[in-house]
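In the two complexes that follow, subunit A is the common piece, with subunit B as its partner first and subunit C second.
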Partner chain A sequence: MAGSLELVKSATGTSVTSIDVTDCFSDKYDVYAVTVTDISATAGGILQFRLIDSVGSVISASEYDYAYLQVDSWRAFIQSKATGATTIDRLTYLSTASTGVGGGYHYIFNPYDSSSYTFTTSQGTGWLNGSGMIGTKGIGVHKSAEQITGVQVLTNSAGFSGTVNVFGVK
Partner chain B sequence: MPIGQAKFGLLGGVVDPGKLELIETQTASSASADIYTVNFESIQESEYNVHFLTFSDGKSNGYQYLSLRFGNGGTYTTSGYQYAGQDYQSDGNFSEKKSTSDNMLRIGPYVYQGENAYAYIYNIGDSSKYTFTTSMSSCVKGNNDGFRGQFGSGVYPSATSFNNIQILRTNSVGWYGFKASLYGIAES
Partner chain C sequence: MAGSLIKIDEEIVTSAVASVSLLGIDSTYDVYMVTVSNLQCDTDVEDVKCRVTESDTPNTTANYDRASKLLRTNTTFANQYATNETSWDMGTNIGTATGESSNFVQYIFNANNSSEYTFMTKEVAELNSTPELVGQQGGGVFTSTSTVNGINFFMDSGNIDVGNFKLYGLAK
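Moving on, here comes the complex of A and B:
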């Protein structure tokens, strides 16, 4: 049915700094949605994207550009952007409070098309203990026309647990 | 397939994760009386961790902020909402809209008519988590007086479950037209 999401693949990690979903992109879809569910963390941090190339290697070279706006309920908003970065920042804030686990939908465009850059959009929300709500809205690009077969969700914190779900958008 | 049926398999897992399932649509066109609230009171909160709400073609004769409240049994919570949203306008003006304690959760900018928005709502039926939203809107600023939109996030920061969602106006002038739909997203 057009206009729906179809689960392609999920991967789960426990107390890890990254979760890879390999071989989840194909020529069946042009657009994918990514969610991270059942999140828990013992230290605050952020979640970011890296992409996985056609031989299954995580791309950690300085091939990403990103820009996002962090909208917080208690303080002035924060802009962040970079070119030649090693990750696409940012998916969402990683809350340490089990009550404060929010959500987000993150989209990846054209990953399997070897003639196109891979683009992303993200929106997420979470909770910072003692302060308030943190929201993010961002865009990113992998500036290399190559075939992407998977995605990595990583954190800058000590670790997190969760499940990364990749859906094809029909 | 009737909504809410055959979604869970014999082993309790979601059969069709990711599927967007319509729970309810409410519409009004050329309403004879102003409408101030749109209430969804059968939201299947125990079945869906994520709800997707759309509001389109809102028509009224007064500026207002499109907003949400959550409730139970027809009684809606009227305090304690937090939100943060970036407003943007076709005349080039951008502004921050935020609150740590409001009587409703804004998902739209200050507009007059032509209200269109969507919101994802997370954890609303989970009594162990806060209820969060992410949203985006695209609206008419005045009576054909340009464009104004907003994207943002919100939260009701109390570990409470709700079974009602209300879309409401912040102005005493009601809608005379709109279409609002609530969907559930089956997660893995």
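Moving on, here comes the complex of A and C:
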């Protein structure tokens, strides 16, 4: 029985506030892996996550719930959670240090199924200048039963550079 | 370095079943991955459980240990841990209302090696019966040096109504 992790689509941004990967979900897969790599930034900030609907619009309504545990190398772990949020937080922290390039991934469940909610799990790692490693272990849900066709990785900071790869788990 | 994800088994549930087994773990791969998406059940407020299988039969002995961080959206996160249980917990208080389901990825280690325990990691996202987004980040161990050939999923009570269950080997 053949199967694989298939690269569906990639997008790269340079000094942008968001990177969209459109038309990357289909009924071919139930589960996707979305990786975010080669991250750099000119200012500190966080990376967040949104979904793109069936007409190609980024969903920015208050339809997301999320929770994540932030596991830092120099202090006690931090819990964060929200309901009715406009993004799924937080994949990783943006560092301006050239040696502090982090990365992370989301697993996305059921995005193309218009009868189910879209769920995510995530893990990320990054660097906070002057402090150390920041890690995240998170979950999220988009609480609207609709067809999702893409993802947006965005930041609350001035901008970032990076690559977003979407893989189908066949 | 070449590598790939090889699908070993797949079960697509569209009507009520008491349990789902994904079989085919052997010595071909060292690490296996399980994905479960859109798992829905027919009885409200029940847990998702799983056991390893040996010769296709679930092992029901009290050899399952687990530990995880329970991520929650309406209250403080919690530590969950237990030893010598008869199954692993993969989801808590799953509901039956619209949108409520469990979704997770597991990695399984050393399963077919009869001289080592079987370990697994898990990351779970579910909408429970509240409904509240709840997740688990953690792992477990099956403390028996047996030859494991698969994994079996079931509800604490009632049936699995819907779900996509897939087992992959991570090719070297």
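To be clear about the criterion, the second predicted complex is superposed on the first by the 166 of 170 C-alpha atoms of A that agree within 3 Å, B and C clash if a C-alpha of one lies under 4 Å from a C-alpha of the other, contacts with A are read in each partner's own complex, and residues count from 1 in each chain.
FYI, a contact is a pair of C-beta atoms (placed from the backbone, for glycine too) under 8 Å apart; a residue touches a chain by one contact, two chains touch by 3 or more.
Quick caveat: nothing in here was measured; it's all calculated off a predicted structure.
Chemist: Report clash or fit for the pair subunit B and subunit C bound to subunit A in the combined superposed model.
Modeler: Because the two structures are overlaid on the shared chain, the partners are seen to clash.
Chemist: What is the contact status of A:55 with respect to subunit B (first) and subunit C (second): first, second, both, or neither?
Modeler: neither
Chemist: Looking at the overlay, does A:65 come into contact with subunit B only (first), subunit C only (second), both, or neither?
Modeler: After superposing on A, A:65 lies in contact with subunit C but is clear of subunit B.
Chemist: I'd like to know which partner A:73 touches here: subunit B for first, subunit C for second, both or neither.
Modeler: first
Chemist: Once the structures are superposed on A, label A:81 by its partner contacts, choosing first (subunit B), second (subunit C), both or neither.
Modeler: A:81: touches subunit C, not subunit B.
Chemist: Which partner does A:138 contact after superposing on A: first (subunit B), second (subunit C), both, neither?
Modeler: Second partner only.
Chemist: Applying the document's definition of touch, where does A:121 land relative to subunit B and subunit C: first, second, both, or neither?
Modeler: In the superposed model, A:121 contacts subunit C only, not subunit B.
Chemist: Could you tell me if A:113 is touching subunit B, subunit C, both of them or neither one (first, second, both, neither)?
Modeler: second
Chemist: Tell me which partner A:31 touches in the superposition: subunit B (first), subunit C (second), both or neither.
Modeler: second
Chemist: Residue by residue on subunit A, keep only those touching subunit B in one complex and subunit C in the other, then list them.
Modeler: Comparing the two interfaces on subunit A, one with subunit B and one with subunit C, the shared residues are 3-5, 69, 123, 137.
Chemist: Across the complex, what residues on subunit B touch subunit A?
Modeler: Within the complex, subunit B contacts subunit A at residues 17-20, 49-50, 82-86, 96, 98-100, 120, 122-123, 128-130, 132-134, 136, 151-155, 157, 159, 185, 187-188.
Chemist: Under the definition above, what is the set of subunit A residues touching subunit C in their complex?
Modeler: These residues of subunit A touch subunit C: 1-5, 30-31, 65-69, 79, 81-83, 107, 109-110, 113, 116-117, 119-121, 123, 137-141, 143, 145, 169-170.
Chemist: Can you check the complex and tell me which residues of subunit A touch subunit B?
Modeler: Per the stated touch rule, the residues are 3-7, 10, 33, 35, 37, 69, 71-74, 76-77, 98-105, 123-127, 132-137, 163, 165, 167.
Chemist: Applying the document's contact rule, which stretches of subunit C touch subunit A when the two form their complex?
Modeler: Its residues touching subunit A are 4-10, 35, 37-38, 69, 71-74, 76-77, 98-99, 101, 103-105, 123-127, 133-135, 137, 164, 166, 168.
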